[in-house]
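These are the structures in question, set out in turn.
One chain, chain A, links the two complexes that follow: it is found with chain B in the first and with chain C in the second.
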Partner chain A sequence: MSATVSNLYAQHDRAALLESRQATRENPWVKAGILVAALGFFAVFLLLPLAVVFVEALAKGWGTYLEALTEPDARSAIWLTLSAAAISVPLNLVFGVAAAWAITRFEFRGKQLLITLIDLPFSVSPVVAGLVYVLVFSNHGWFGPWLSEHDIKIIFAIPGIVLATVFVTVPFIARELIPLMQAQGREEEEAAVVLGARGWQVFWHVTLPNIRWALLYGVILSNARAMGEFGAVSVVSGHIRGETNTLPLHVEILYNEYNFAAAFAVARCWPCWRS
Partner chain B sequence: MSIQVQNIHKAFGHFVALDDLSLDFPSGELVALLGPSGCGKTTLLRVIAGLEQADSGKVLLDGEDASDTHVRERQVGFVFQHYALFRHMTVFDNVAFGLRMKPRQERPSEAEIKRKVHELLQLVQLDWLADRFPAQLSGGQRQRIALARALAVEPRVLLLDEPFGALDAKVRKELRRWLRRLHDELHITSIFVTHDQEEALEVADRVVLMNHGMVEQIGTPDEVYRHPATSFVYGFLGSANRFEGRRTAGGIDVGGTRLAAQADHAGEDSEVVAFVRPHELEIRLEQQDAGIPARITRVLSVGALTRVELEGSGSQDGQHYDVELPYETWHAQTFTAGQQVRLQPRALRVFTHNETAGRA
Partner chain C sequence: MSLRTFTVLASTLTLLGAAAPALADVSLLNVSYDPTRELYQDFNTAFAKYWKAKTGEAVSVKQSHGGSGKQARAVIDGLEADVVTLALGYDVDALNTEAKLIPPNWQKRLPNNASPYTSTIVFLVRKGNPKGIHDWNDLIKPGVDVVTPNPKTSGGARWNYLAAWGYALKQPGGNDAKARDFVKKVYQHVKVLDSGARGATVTFTQRGIGDVLLAWENEAYLSTKELGPDKFDIVTPSVSILAEPPVSVVDKVVDKHGTRKVAEAYLQYLYSPEGQELAAQNYYRPRDARIAAKYASQFSKVKLFTIDQVFGGWSKAQKTHFADGGVFDQIQAR
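Take a look at the complex of A and B:
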């Protein structure tokens, strides 16, 4: 008996050990109840809507589906969404790592302010964030006259969309990294420095390998939000078809035009890139 | 290589970690920095390594001012309390790290690195673990790998922060002996931080006792144990019975009982604190006039030593005393628990009160 027990421990199979004995086994009804509740919730609120999107997208056949994706406005929207993500995700990557590094490795004045600022996009409604950019950069805004004098368009143009996207995606990477880096501490990095490593060597050989999974997760979250953002982008884009429409905006337009098959077709293709 | 620190001062906010501290570490010695937690010993070690910047004062390595030298260039080996092994690298890669980080011109060839790493792993007797990851090692093994990693860059100084702090008692004793042997082989100037007096006395050539950011005493283990300079040192190095009283001619007066003591401190009738080690305190029969009145509360006979716990009575009510004596001696006497006795110190160390006031 004790041999079996230690064997189970050796395999780190605590769950199996707990299951193997009557005294520590949970009531089967409780187990079944928890499983049904969890799976049922996911099925109804996550799987079902996804399934509907797939079914509706193909409701009028493959032809309509492909057409909806290849018509010029859709392609322009796809392209714009990809570009906005391609600019904002790397920006956030650099900024997020730098901010997390600064917050967890150094003591400085204004640290608390920086932490608050990183969280700001979470606490401000995206629509309000978009409006702020409109107030600052539009023709009647603070920099409006100067910008139009130099023929720079930000609002109702691509730069505005990128700015809004960057704003709403700022917290993801830094928020993912800060708790991890705090928990890991700085001892390994100090050890590397004592052993003669230079700043970038420490980062590349010690810091980065330790945070890589959290970083990847942060990038995925940030990318998903960049591609899916509606509110802030909607305010600054101006909805010019074929020019400043991103995918979410395009889906909304199609939906409002009662073009359900196309709307779902476009909606269908976009979660594929999101992750 | 010798290390000197001169007038080092370091504060964290209002907390003074190192208070104008100066020390000399001669070449080739194994020195212990010993003190209670928060006494500044780890801070001092980090200042020497360059991981912490002192507010003022100098660190001299081999007679040269290294205060502005970057950690990388100081050529120190540092072993962290929790080892700080790189968790994503194998044991081999951990030990090779310092060699691989060298600038291209100084970096040895991969074959040379391999040879050197295996040599170091043999030195710490863990060559067979080269392919493991740190998470797969025991605490003692991690400690030895951390040491091998620190030695790989051929440091001029070895600094160890609580090297045995996180290990269980048995492994700790083994590693102590092993570190001592290693030092005798390599003769590299080494400083280790510890709060465990037994460890410091057993391993080190020299012990530096620290308290509140200041040095209380420096000496060989025997010196500091037999001739403690301050009451703090006496109390910190092993258990002690404490008496408070006033100085009289040729002794001290503790609540009306006169105890003989060497008159090495001047100033009659001043307040003093006296200490006696448990094995230097004798239990006598109540009828004899001399000695502190006390009552035996508990007797513990384990192994060769018998420990007797007593409680003061009369003027010393509420005081706690410990006495240690060989089992045979105890057995030959006829004392029992609950009995009223007198305590007579064989050797009494007296410290004037103001010496203790600021420090203890």
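Take a look at the complex of A and C:
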């Protein structure tokens, strides 16, 4: 997954080299077949659904489209989704870099355990992740009675949504960085230290420039997931309109209210923020 | 993220934050079941106007919708609903038995078993009724696909199930064994079990699955109105169940929020002529005789039985039919 930019260029050069030689050149029919299969797949499974979203969103004209985006419940859903992402992505950024650094640069007991824990959110179904928070924080959960006495709301409120979002997006950044940092090794950093650089200087001037593309890709992925998460958030949200509905939940509500144009309008606008 | 995109994002966030709706003097949370969305959207506006005129206080009512059983579960788990307006008595009862959020006599606190409006179960079929479905026994004809939600999670689905059972019981020579056999056959014709009534409606109307949808009467009328009367027909069976969706204030929550007075007024307003009129306009059968007469032509005549008459009340029906290992589980196991 962590094909870095330079890596892709290397592959491109290699492909050009193979093409140029008679002996390694692929039969043109095979080449055409593979190309058509790959592009056809993308057209049918990615582009067509996207096109449908655009067409449906504008099915009732621009007026309905804009109305769907500015209506108070939609605004509140947009606001909530952006805030959840704005909290969880920086948290994951700090955690992901720290975890990748620890795993690739140090030897310590429990390293395997840490690697497994980072992958945990990938292996647990999002609905289960949500239910875990319900079990811990609900009125009958471990902390429920105490929280309720002190009037602190976690689930069915914004903190629960943020927690669930953080949970499902934890692996992205660390998972992008670990293979890259492993491949790069620690020589450059050691050289920097030998030349007299301090800890933060090493990080800013050596490590960070080396990992920036993988880091960016990890941030994009984790942001996309944070904004798109449905299952875990649905369990802890309580579905209060204008209060605890995130964008994906709002889209579902609109769809279920026979409000198809609005549903697709809202669905359409959110890939724009992701990039 | 470059500094510039960050600035843009930050200012967007601030703008959206400033644009968030102004807080009202009081706010209530009404946790309801699936098909009542449209009803309560209308009703909340009407109630806010009424309450403002009466007390000068601005009230905003927030809504939460989902499968009735799921919603009750969320309230038990800590979703702070001031009022619940669920699909059936059993789910409201759970707030008492599972969490002591309301007193055991909740159903006696408001008129008509605390159900301000009623409904029943009808069939929604494709235009022209190509499969010739006119009554319950047509559901088990070969080649008929039935759509109904899962009775474990959906209140409407439990009414569907009990209506089918009651129909079979009322046939000449009907008894429990025959009813069970009939209901089993009906569920053998079910292809998709959605978790809520609205999900099932979307499956039938949008995804085009199935020949007949067992639906709340109000849901059937609403979907034909929204999606075009040229696409579906409503078929009323010879006999069906009187569905009484009950409402209650959640005592523990309103006492904590200090909203008891307005929450009680909210529910009582459902019984007022204005509330009854809104219920009728959203295709619920009103309790008020005068309003019922005004909208009589809107609802077809159907013989209705109540759950108390046939099943001895909700807790008994729930225990026999829908509890783990109950009749529904037994007929689902193949």
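In this text, the second predicted complex is superposed on the first by the 251 of 275 C-alpha atoms of A that agree within 3 Å, B and C clash if a C-alpha of one lies under 4 Å from a C-alpha of the other, contacts with A are read in each partner's own complex, and residues count from 1 in each chain.
Note that in this section contacts are C-beta pairs under 8 Å (C-beta built on N, C-alpha and C of every residue); 3 or more make two chains touch, one makes a residue touch a chain.
Fair warning: this is a prediction, and the values are worked out from it, not measured in the lab.
The superposition on chain A brings chain B alongside chain C with room for both.
More residues of chain A are in touch with C than with the other of chain B and chain C.
Within the superposed three-chain model, A:Glu188 lies in touch with chain B and out of touch with chain C [touch as defined at top].
Look at A:Pro209: by the touch rule set out above, it reaches chain B but stays clear of chain C. Residue contacts after overlaying the shared chain place A:Tyr255 against chain C, while chain B stays out of touching range.
In the superposed model, A:Gly196 lies in contact with chain B only, and not with chain C. In the superposed model, A:Leu82 makes contact with chain C only, not with chain B.
Contacts of A:Glu107 after superposition on the shared chain: neither chain B nor chain C is touched.
In the superposed pair of complexes, A:Glu149 makes contact with neither chain B nor chain C. For the pair chain B and chain C, the least inter-chain C-alpha distance in the overlaid model is 19 Å. Looking at chain A, you'll find no residue that touches chain B in one structure and chain C in the other. Those residues of chain A that touch chain B in the shared complex are 187-188, 190-198, 201, 205-206, 209-210. Those residues of chain B whose C-beta lies close enough to touch chain A in the complex are 49, 51, 71-72, 76-78, 80, 82, 84-88, 97-98, 101-102, 149-150, 152-153.
Here chain C touches chain A in the complex through residues 1, 9, 12-13, 16-17, 19-21, 29, 34, 37-38, 62-66, 74, 76-80, 99, 198-199, 202, 223, 226-227, going by the rule given at the top. Considering their complex, residues 72, 75-76, 78-79, 82-83, 86, 134, 137-141, 144, 148, 153, 155-156, 219, 238-243, 253, 255-258 of chain A touch chain C.
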